[in-house]
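Chain IDs A, B, C, D and E follow the sequence of writing; residue 1 opens each chain.
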Amino acid sequence: MIVDTAVYENGSRRPGKLELEDAYEACRDGKRFAWIELQDPTEEEFDSVVHEFNLHELAVEDAIQAHQRPKLDVYDEGLLVVLKAARYIESEERVAFGEILVFVGDGFVITVRHGEAPLDHVRLRLEQRPELLRLGPAAALYAIVDHVVDDYGPVIVAFEQDIADVEADVFSDERATPAKRIYAVKREVLKLYAAIAPLVEPVERLEESDLKLVPDELRPYFRDVEDHLIRYVREIEGFRELLTSILAANLTQVSVRQNEDVRKISAWAAIIAVPTLITGIYGMNFDHMPELGWTFGYPLVLAVMAVACLLLHRAFKRAGWL
Amino acid sequence: MIVDTAVYENGSRRPGKLELEDAYEACRDGKRFAWIELQDPTEEEFDSVVHEFNLHELAVEDAIQAHQRPKLDVYDEGLLVVLKAARYIESEERVAFGEILVFVGDGFVITVRHGEAPLDHVRLRLEQRPELLRLGPAAALYAIVDHVVDDYGPVIVAFEQDIADVEADVFSDERATPAKRIYAVKREVLKLYAAIAPLVEPVERLEESDLKLVPDELRPYFRDVEDHLIRYVREIEGFRELLTSILAANLTQVSVRQNEDVRKISAWAAIIAVPTLITGIYGMNFDHMPELGWTFGYPLVLAVMAVACLLLHRAFKRAGWL
Amino acid sequence: MIVDTAVYENGSRRPGKLELEDAYEACRDGKRFAWIELQDPTEEEFDSVVHEFNLHELAVEDAIQAHQRPKLDVYDEGLLVVLKAARYIESEERVAFGEILVFVGDGFVITVRHGEAPLDHVRLRLEQRPELLRLGPAAALYAIVDHVVDDYGPVIVAFEQDIADVEADVFSDERATPAKRIYAVKREVLKLYAAIAPLVEPVERLEESDLKLVPDELRPYFRDVEDHLIRYVREIEGFRELLTSILAANLTQVSVRQNEDVRKISAWAAIIAVPTLITGIYGMNFDHMPELGWTFGYPLVLAVMAVACLLLHRAFKRAGWL
Amino acid sequence: MIVDTAVYENGSRRPGKLELEDAYEACRDGKRFAWIELQDPTEEEFDSVVHEFNLHELAVEDAIQAHQRPKLDVYDEGLLVVLKAARYIESEERVAFGEILVFVGDGFVITVRHGEAPLDHVRLRLEQRPELLRLGPAAALYAIVDHVVDDYGPVIVAFEQDIADVEADVFSDERATPAKRIYAVKREVLKLYAAIAPLVEPVERLEESDLKLVPDELRPYFRDVEDHLIRYVREIEGFRELLTSILAANLTQVSVRQNEDVRKISAWAAIIAVPTLITGIYGMNFDHMPELGWTFGYPLVLAVMAVACLLLHRAFKRAGWL
Amino acid sequence: MIVDTAVYENGSRRPGKLELEDAYEACRDGKRFAWIELQDPTEEEFDSVVHEFNLHELAVEDAIQAHQRPKLDVYDEGLLVVLKAARYIESEERVAFGEILVFVGDGFVITVRHGEAPLDHVRLRLEQRPELLRLGPAAALYAIVDHVVDDYGPVIVAFEQDIADVEADVFSDERATPAKRIYAVKREVLKLYAAIAPLVEPVERLEESDLKLVPDELRPYFRDVEDHLIRYVREIEGFRELLTSILAANLTQVSVRQNEDVRKISAWAAIIAVPTLITGIYGMNFDHMPELGWTFGYPLVLAVMAVACLLLHRAFKRAGWL
């Protein structure tokens, strides 16, 4: 689906909706640039774009099939940047990924979105900053990359919360067994890492190298994005190490609790074994057992058993076994 | 066995089957190129090829003995690329590897296959794309590398499924003990990694460096292959880390279950210990035990024992021990 | 809040408090430099500074929002260095971080602090060293970086103590279960690492590269800071490995103790099982059990039980089970 | 001990045994080269060689004392290559290492062997390949390095077998406890790694750099050796990761088995506890217990106990506890 | 404390003790060099040296405060090398570290020692090698670095022994619990690593770079030192991995032993439970229990109990539980 077709001239949008060819024509002389937005395009829709803007065969293949890694490809005809948008789904404790492809050429920028990757705000916000828009199609690229990277922030925060939750579970006195959740969080963290980390190098290249499509004025902006990105990547790396430690700590806690259980159980077994032994003694059939003839022998023995139990109970309590 | 001998001219195959010498002669002037395919060649078969095409002594040794690592060797006479083809064998949950050697020279490409590594489709599909074939023998190299790398995809998917299976095993309530399977999957993943990861660097060199046998037009194609390859390598790295975590999580689950068992067992032991103590009490031989003389003493005591058991059972149930 | 505005000329501070514009004016000719200090500035406060000193839009954004990684950005207008100040809070066993931004331009240095990051001493101490002050605004940068890095020292020492404490806990005979604390220390260590490690590269660039704002005389000073910084980073890396080992050792200790408990419990169970068996024997109702008729049968059996218990107790003691 | 002294001219060995000085003299003009072989030389033996061939003081020190790491030293007088030969000793499941030092100079090659490092075949096989011998002393170096690296192959295969064995042990139903063997294999693997891995860089330098003593024709040969070497190094790295996983899997298996034991034991305890309780009931001394007066009360109770045991046994069997 | 002041000319020491100024004067023309040795100098002692030899302010700070990392600083005035001397203290199973600072300038070398770092032998041995001494102050630097690195050897050997000891402990049948010692060794190994590893890079720079103070003739000597150093560093890295494996193997052994204990205990419990059940049976009060009336009923039952115990004992023995 072609979502929008716009032409920008001197920092502001030309009024009116345009056909693809008109957009192409309008941008031929390099004074304007066209921004074509597509969402999950069919092969035919995309073919028409390819035809007008003369994109490379391989770039086209990328655009139809999702499941790319973040990357920056430099063709003679322009740049292709692939991005992964991420959104945390609270209810399922997992991250949903979308994919955004940005083709930047001389006089045009084409964006293709797959899955969850809204870009409307990006365009509107960029239209408020004519001084950026004036820098040409790479400004649109910057706006998109900046937006996608900014959106990683809430996901990171959500993971921070998840990790705090499992930490609380691991060290709480309740006998939760959070191994499954720890593992699930780790799995999602690894997925997020796989989606974000490969973007560092492309952004670095946008900042550092002398791509003719990226004007010098934009470089500090891409560096700013890179700063954020690296911060997120480092945080995720920290999560990985933390989760490994949590898994180990959890195993220890499970063992510690088992130990406590074994001791508690054993204490009760000991408490009950002593009166049982006493009953055994007075259940013996010796002819000469003076206590058996005592009038208060029975209640006395019951009392002895009760006292023995109480003393043992107190002793185990003190030793921390109960 | 020499599977096929073909000569390509201007993007299409010359009709008719050829002898080796004819192929060699036909390609001498650089306007055509020969494609010789061999499958598990004997030393003599390969010697005849070597003789015609003047390959390096060491390259020959590689071609006869399988068990190479993926690599790219540059000789004066041309390139030697070694590839590992992989296929997932569902029934055995393991990966079968084949080996493909591609010698690319001025005017010829020679492929040698060991084990499972079918290339027929590659040739047929490439013959449909004359614009690629026109780029010379390196196009055949590209077609083969692309094919081999694409075939890693289903293997990766199969491992994803295996990992999902062991995850389900680890966290299911059934007392499966998937340690053996986790380990087996890890072992296969490591093998796959060893077969795939070393290919990244050769493909990178095919893309980046100025090998005179690789025309500039092919470079984006090799970069495309590299993109896929790196994605697969990163996924396998993710699998390795996941499997390490699964192994740890599994150990924790085993401990948690042991803990549950110990508690359940102890609860039952406690439930049975209480009536046992009571029987002990009324088994004592004191002369003065009024309860013993009661008419309903016996059923009363049985009832007390039953009630005690029920109360204990309920208490343990509430505490989550049963 | 603007904390202070000063102009330095020829190594010493110009007397009197200055307005922002005056400071800016005074430093225009490059013979003096202004040092503006701000603490948690509002957007307006900072805007006035930006306006006078012509800072980059992105640098401004950084200054208002805290939560940057340590970094060095080079703009046309000057340098931006972001630092993390760290302070160990004994009572909570955690590290508190502040953030310091230093803008260095031709003729001025602007510092912005967020959170805990006192700089008063820095300025006063630098004012005692006119030979450094004479080197211009980069001397102020050096003084600040040196101060921040020096302050990491006590934090490192505090962690050394924490680690020594948990080591003692792990291997003490008391049944402490320090898993939670080990994990907490590890968490703080990872945070500290994330705050310190990224600073190495900026300091290296200050030392090595040919930034025109950093005079050659200052390079050995930045190298000295780098030396300290690397030492701290290496120590933290050592902490991480140590803590991983401690976590593993702790798990082993927990298992060892469980083992000891199980043996101790079992020993007591065995000690009590033997007299119980004996009571069972003499509780049997056989008509012909000569011992039952003996006058001293009962005390004899009690004695036998006592001796059996004592012997078992001694045997278990020797075997190390009790 | 000086094992052999030979002079090679134009690809073949000069007949007759030579004295050291004669060898030295013969090779002065660069048309021939001498190959001196020493085995565990004494200081005096080696001194005579040093004296004739003018070796560097430090190289000499290396030659007498074994325990070097694999390395390549370039002196003005020539090259020194240190190699570790490895042989797997089946009976002890360990690797024996020898050390080979190769001094290559203009017109001579001197080999010094310590421990197990036979080189006879190397020389004989090289003498069959005059086209290599003609390339001068570096050909001898190639032959030795190739031989040493090829000999790593059987060691790798032996470790593969060892690892397959411990895998079988870990997952077998027999209660082997292979932790000791796993550890022993890991230890040997680490030793082998330490002996092999540092050789990669020297071989790479022999292949790539422009050492004047290594003719261009030999470079593909050294690259071939490097290929093998890297394959072995990667396999050893795979072994390390596998062994770490095996150790973890083994711990899990130990826990799983403990769990099974605990359940089996508990099941038997439960089976015996029920008849014990019943005997307790009928051991009570109530006056009114009608069952006690039944003629078949006793056999009935015995039958009830037997049935209870059987039912419990079957229930536990079904639950997988027995 | 100034330990010694010497002037070397043409490879030998000038006779007589000198004052600092005389030494300085004597070496001004570059034909001689002075060697000043200090041990834990006070600030004043060092100030006098600084004053004469014109050292950099920051180098001075380093010299007074110990606790540097090994490093090489290049100042305009010369070099500063910081070294860590290590000595294994058998009785405490730990490593004691000293610190040595070497200032090398044009015509002088100044050494400052803190803690355990004897250098007497170094000077005496160097004075026996005039051909080295003639190379100037860098020869003294070489002699010191060589000495310090050689001294790491015995420490490595001591750790090898420690590791062999803990291995024996872990796999011995005695129930040692060497977790504490394993951890202690690991801790010391990490400390040693932190002291040695950072020295590699400075030594490499001494060997490779074109520092004007280091004559070309000395480079092979520094490379020799580097070889030793790298070997030690690699060995320590091996220790780290081994110790991690030992810790894991130890945990497994602890679990295995617990398993054995649980089985042994359970076997004994089963052995005692059977006669207990039998006593229960004959303790029942049924009127019709024919065995009770048998003359040899009692000894028969005792015999049955004994036989049951023996059979069970043998069965458990065979099953490996006892």
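Criterion: a contact is a pair of C-beta atoms (placed from the backbone, for glycine too) under 8 Å apart; a residue touches a chain by one contact, two chains touch by 3 or more.
Since this is a predicted model, take the numbers as computed values, not measurements.
Q: Taking contact as defined at the start, I'd like the list of chains shared as neighbours by chain A and chain C.
A: none
Q: Figure out the least number of contact steps between chain B and chain C, where 1 means they touch directly.
A: The fewest steps needed to get from chain B to chain C is 2.
Q: Please state, in steps, how far chain E lies from chain A along the shortest route of touching chains.
A: Minimal hop count between chain A and chain E: 2.
Q: If you average the CA atoms of chain B and of chain E, how far apart do the two points sit, in angstrom?
A: Here the centre of chain E sits 41 Å away from the centre of chain B.
Q: Round to the nearest whole Å and give the separation of the Cα centres of chain C and chain E.
A: One centre to the other, that is 25 Å.
Q: Can you list every residue of chain B that touches 2 or more other chains, as numbers and ranges?
A: Residues 248, 251, 255, 258, 262, 269, 276, 280, 283-285, 289.
Q: In which sequence are the chains arranged about the ring, given a start at chain A and a first step to chain C?
A: Listed round the ring from chain A, with chain C adjacent next, the chains are A, C, E, D, B.
Q: Which chain C residues qualify as touching chain E in the complex?
A: So the residues of chain C touching chain E come out as 167, 170-171, 220-221, 223-224, 227, 230-231, 234-235, 238, 241-242, 245-246, 248-249, 251-253, 255-256, 258-259, 262-263, 266, 269-270, 273-274, 276-277, 280-281, 283-289, 320.
Q: Per the contact definition, I'd like the list of chain C residues that touch chain A in the complex.
A: 56, 58, 61, 68-69, 71, 73, 75, 175, 177, 179-180, 182-183, 186-187, 190-191, 194, 198, 240, 243-244, 247-248, 250-251, 254-255, 257-258, 261-262, 265, 268-269, 272, 275-276, 279-280, 282-285, 289, 291-298, 301-302
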